[in-house]
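Below you'll find the structures, each written out as structure tokens.
In the two complexes below, chain A is the common chain; its partner is chain B in one and chain C in the other.
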Partner chain A sequence: MSDIQKTHNPAVFVRGGSRLARAFGSGGGDLSRLFVLIALLVSGALLFPGFASPGNAMVILTSVAGVGILALGMTMVIITGEIDLSVAGIAVLSTVIGGVLLPGGSPAMVIGAVLLTGLVLGLINGILVAALRLSSLIVTLATMGIASALANIISRGQASYPNAMPEFLWFGRGAIAGLPVPVALFLLAAAVALVLTGSASFGRRLYATGGNARAAELSGVQTWKVRLTVFALSGLAAALVGLIESARLGYINPAGFVGLELKVLAVAVLGGAALSGGVGSVRGAVLATLIIGCINNLLNQAGVSFYMQQVVTGLVILAVVAPGFSKRIDVR
Partner chain B sequence: MSIATTPRHRGPAIIPQLIGNPLLWLLVLILALGLMTSPVFLSGNNIANVLRNAAVVGLLATGFSVVLLTGRIDLSIASVMVFSVIAGVLLTTEAGRYLGYRWIVRGNTFAGPEALAIGLCLASGALLGLLNGLGSVGLKITSFIFTLITMTALRGVSYLITNGAPVYYSEGLMRWLGEAVFFGLPVGFILFLAMAVLLHLTLSGTVFGRRLMAIGGNEKAARYSGINTGLIVIAAFVISGFCAALAGVLFTARLMSVEPALAQGYELIAITIAVIGGISLAGGTGSIPNVLLSAVTFSAGLNLLAIWGIATWYQNLAIGIALIATVILTRVLNKAKPS
Partner chain C sequence: MKLTRRSVLGSALASTALAAIPTGILPHLAQAQTGGGGHSVLNALIAQYAAAAAEGMKNASVAALYDRDAFTDYLEVYPVADLVDGFDWKPGMGATFTGPYSKLEIKAPFTDYIPLPEGPVLDPAKTYKIGFVFHGFNHPWLIALADTAAWEAARHPNIEIEVVDAEFDDNKMGQIIDTWVTRQFDGIVLWPSREAPMGPPVDRAIDAGIPVVSVDRRTSSQKISSEVLGNFYANGLQQGLYLKHSGQTGKIILNRKDLGSTADSIRTGAFLQVIGQEEGFEIAGNYHTNSQRSLAFQSTVDALQAIRDVAVSFNTGGEEAMGALDAIREGNRLDSAPDGKRIAILANDDAKEVLHEVEQGNIAMVSPYTPLIGDIGIRTVLLHIGAKEGLNAAPPRLVLTPNLPMITREKMTIEGVETMTPAEWPYAYGPAVA
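For the complex of A and B:
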């Protein structure tokens, strides 16, 4: 079991070296992510007078809360050695189903339907991957296509507007004790993920499944249950984020969220999750989310075009990810 | 396993191989359905259209498959496809400006030396493949991540250097590439066919090809038996980049223009075609002729759905279901087969 415990800390994959080198070395290391974040915050505060205000902090947090929630789910999926490309499709289909129910439905029914759809789609992914042992890349690619096609078929390509339902809008625009609801939900999701990944029962099985599935199975872990759980959670997170973002926009768009899965994947990887499985942490994912939020905010304040931002974001991920992976053998 | 069985795919065994191929039967089924339900489906023009589409997505999928065979993935192909054409055209224009010629005329229409533009386009595709290869081998970053980064960054750069505006290119050689037909086969498809045959012969008949398949089969074993795995993986990425650029040229020839927003999501079509064509994502197993057949079947199927007047959404639904059905079928068949 000691091996499984060790994988909680990505640093064990680096042999030798000082503690500092270790913290910097593996998968970017949480310490290096923290330094990047601090550097961004300091340079932002120096360059732009409005950057270090509480108002701007809320702007940053609200803008990345959705991606952050998904990155937490994605990190858990990646820790099991799988991948979930269907999050954008699930977000679209579940909100569109909510949109169809909007005219006559009660708030509980609409919001319940959205979340339930996400959960069911996540479970379908999980069953195909865990029970049928199909490649998660292909399965979730297919469910992504199927979900967004169904969303367009159900809505006939028409957008719907949840403006008459304040409970729906609350998910994007409301506040709890001064904290915007998206930010509160992100914090809640981070807390849940922290408890799950840190727990002796589920957390250990999670890392064991991705670290060495065969060894985990031989030592009595039912890895299919773990896989099913993470895909269900990822699906639920996708529906929740669909709800948040549609509420922020006041607009349920069957053609929305294009490319969201890749953004989320980039954040998860920036957070130190390795696609080979067994490695990744909630702490890293949260830090990565904040880094991306700060970069986008800074580039916006500097008036950099959206397309240049794509290039810069790519380079930042490369800079954080490259030194860490160089210590490991690229088997895949 | 795959190394030992590959040579047997050639020679007289090809006929029973074809008959036992479920993809071929799917294609026959589509053709039969088309013949029964539509007077135009099997017309020369429509077949040429199907083959032109097959050439673009097929070339993408073929290069992509070579990378998959090494156990890696190249998500950047769709971005490379668009970026390399833009780069070829803009570099040529820039060179013209340097020499005192004006090669962008009349509202962003390209009218410069075509051999140079197309040559630069293919070269930039190969160079970007080299970049992907060096990144994932040299920096040891998982190819999924590295090509995800190049995919996003190249899309951004394409917008930046064009300001999002289309470049029109419909003269001479480009028009010929888009329109010419020999013996019922469009030029683009002939190029695709030639590329597929070349790659198939390389993979099944040369030392390089055997080594590439060996890397996908068992990379560690390949490395320990003295194969320079890094070099071969880089070569696979270069092939993928080159194929993507060639697909980009054919795509531009069909649309008579190129713009940065084009071909988004084509990497997913390439994965679908490769998987339906039996290329394993784990590497080491699969054959290029099957990918060719898969590309033609895919295009014919979509074309038939379009002729039936079925909305694009249902077509996307069909693609997704076909993908899942393929992997489930493969799983079931593999279980049924005694190993």
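For the complex of A and C:
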């Protein structure tokens, strides 16, 4: 491994700095995210009496679980140096296909079809990017458009309602030992992603693919397999999130998830993932998800307008990401 | 004739007279006009509450929002007037058919308004080309709008209609209109998203001698042949009337559409005009959730954390109301209004799913705003073409659709407005809810 690659894999290879900084990765990026999160929590607790309650904590976690799951998938895609803009389209098409099957289908068939659609679309993205070497920006932009259009064609633009299928609704409204299912799935996804990115085999290949694909291939890493895997996981995550959000609202909307890909991308970037590839961490993505959740919750509780919320969120992303970006430029 | 609320206010001392009538007489008046006269009853109430708001509001919290967002500017120029040719709409009127696009059964309320007989129209020897451009083959409300336009065109064998989705792209809509001008279409009907950008293309079409009619929303064109406008004012007014009648007071969360949109300005403004005259209301949350159910859901979830004693959820649309309801249900807060009362969710847009929730007692009321008005646009533009060819008189510039009565779980009479129950309302749009 070269020095640059070590720098690119902050969670595993960084040396030096304080013990706390070492614990939170290179340059203290995750540490600064943690400080931002703590600052938000403290200010929220001081400003709003109910903010620090367990109930509100669960509200925040449930609200951002979907975006968080997608951000984990997106982070892995970005680490390989690619991008996935099709997550909203995949979420819509997957759930619409589930909606079409609702009237006569069994729960296993409907839920299976949703997840399978996401997986297949993710694999298609992966094949086009990894095997045919097409730009992921172009491929997933096309997939996004095709999937959204197909969702409208298949549904004739009409919503469907999964209210009569409790198994479907469980994904958004159920609980496991008191923990809302969306939160449980987010934690599960984070654990899986942590294992994958931290593992000696897949994790190193993942960072190597994004850090320097040519060098990785010369070292025997089959980068196409890595890319195929991350796109498949991202597609599966999109379908799962489609399921969660449709179940929460009891409503499968062929025009839903507008702009979701940009929100997810923003969280991934806030989490420290570099669009140039080779950099990013699960811990960063989780912290960024929580930061966005706290900001939105705080601003909604304060009655701040939707438009101003977008301004504040953008400024926070800039404030957290810009210093780290400058450091990366200095290192190079 | 300039049909603005200001002109109505000026001429409608009738409204003052109506306001002076003892309220006990009003139900009788409504009874006498049930089914058809609801339009004029609601117009009189609009004038009455607008005049009161112009005098000032008793409620400081409501007045602060009303002034801050300059609702008066929008409300004063929004047309409120009588129906064309004294049309008297009654519940049950209208044709039933299968929507050409949605494939759903539709009962359109206004097919008898500005009627045209089935069969060839205008010059039977000629074929007329009509362009219908709108945004959104991905939304039930808009698909229903296109359904009614295509249905009306199909009733006349010498009419060819081209229906195009501009996908919420103003430039694309402008290009489509320009193309139809080049292809020498006989008439154009449009559902614009925003007012300003559609003015120039509409003007170009008019300058080329092609009649143009907008439905539901307006354009900035001063030359447009006709505007078919809905009952936004009556929507918000009735939300306020219901709340006042229910006696439920306390903290209100508002889930509004895009700032500056006609639907938001007129509905929210009219609602505030009514409750602004009452003590006991406090605007505790004010969100623009831009017609997105997920945003309305999220803002309500968070607001419920900050405000423990929410009494009312006001929503400018059905999407917002459903999002708010889901949020309130997720938080197990349905019956968390002060004194153990149910949070009063006020909605607009008579989608089947909203009516279902009214029937279940989860949404307190809904003011219908029907998308089933595309047929009026087609008939109006045909009459303009006929006028151009000297075959008939031109229809008026403003074609207002009838004010529709609110829908409540139980039938009631509120300030002269007789409500209808979900079971009595055949005009709901969108897919049915199991």
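In this text, the second predicted complex is superposed on the first by the 300 of 332 C-alpha atoms of A that agree within 3 Å, B and C clash if a C-alpha of one lies under 4 Å from a C-alpha of the other, contacts with A are read in each partner's own complex, and residues count from 1 in each chain.
Basically, a contact is a pair of C-beta atoms (placed from the backbone, for glycine too) under 8 Å apart; a residue touches a chain by one contact, two chains touch by 3 or more.
From a predicted model like this one, the values you see are computed outputs, not experimental measurements.
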So, after the overlay on chain A, do chain B and chain C clash or fit? They clash
Once the shared chain is lined up, is A:50 touching chain B (first), chain C (second), both, or neither of them?
second
Looking at chain A, does chain B or chain C touch a larger number of its residues?
B
After the superposition on A, what does A:157 contact: first (chain B), second (chain C), both or neither?
both
Tell me the contact category for A:88 with respect to chain B and chain C: first, second, both or neither.
neither
Chain B versus chain C as contact partner of A:307, first or second or both or neither
both
Look at A:206 in the shared chain and tell me whether it touches chain B only, chain C only, both, or neither; answer first, second, both or neither.
neither
Check the residue A:286 against both partner chains and state whether it touches chain B (first), chain C (second), both, or neither.
neither
Could you look at A:252 and tell me whether it touches chain B, chain C, both or neither (first, second, both, neither)?
neither
Given the touch rule stated above, what does A:63 touch, chain B (first), chain C (second), both, or neither?
second
Overlap of chain B and chain C contacts on chain A, residues 152, 157, 258, 305, 307
List of chain C residues in touch with chain A within their complex
101-104, 136-140, 142-143, 259, 284-290, 292-295, 297-299, 301-303, 305-306, 308, 322-323, 326, 330-331, 353, 430-431, 433-434
Chain A residues touching chain B - in the complex, by the definition given at the top:
128, 132-135, 137-139, 141-146, 148-150, 152-153, 157, 258-259, 262, 265-266, 269, 274-276, 305, 307-311, 313-315, 317-318, 321-322, 325-326, 328-332
Residue ranges of chain B touching chain A (in the complex, touch as defined):
71-72, 136-137, 139-146, 148-153, 155-157, 159-160, 164, 219-220, 264, 268, 271-272, 275, 281, 311, 313-314, 316-317, 319-321, 323-324, 327-328, 331
Show which residues of chain A lie in contact with chain C when the two form their complex.
48, 50-51, 53, 55-56, 59, 63, 152, 156-161, 163-164, 173, 245, 248-251, 253-256, 258, 296-297, 300-303, 305-307
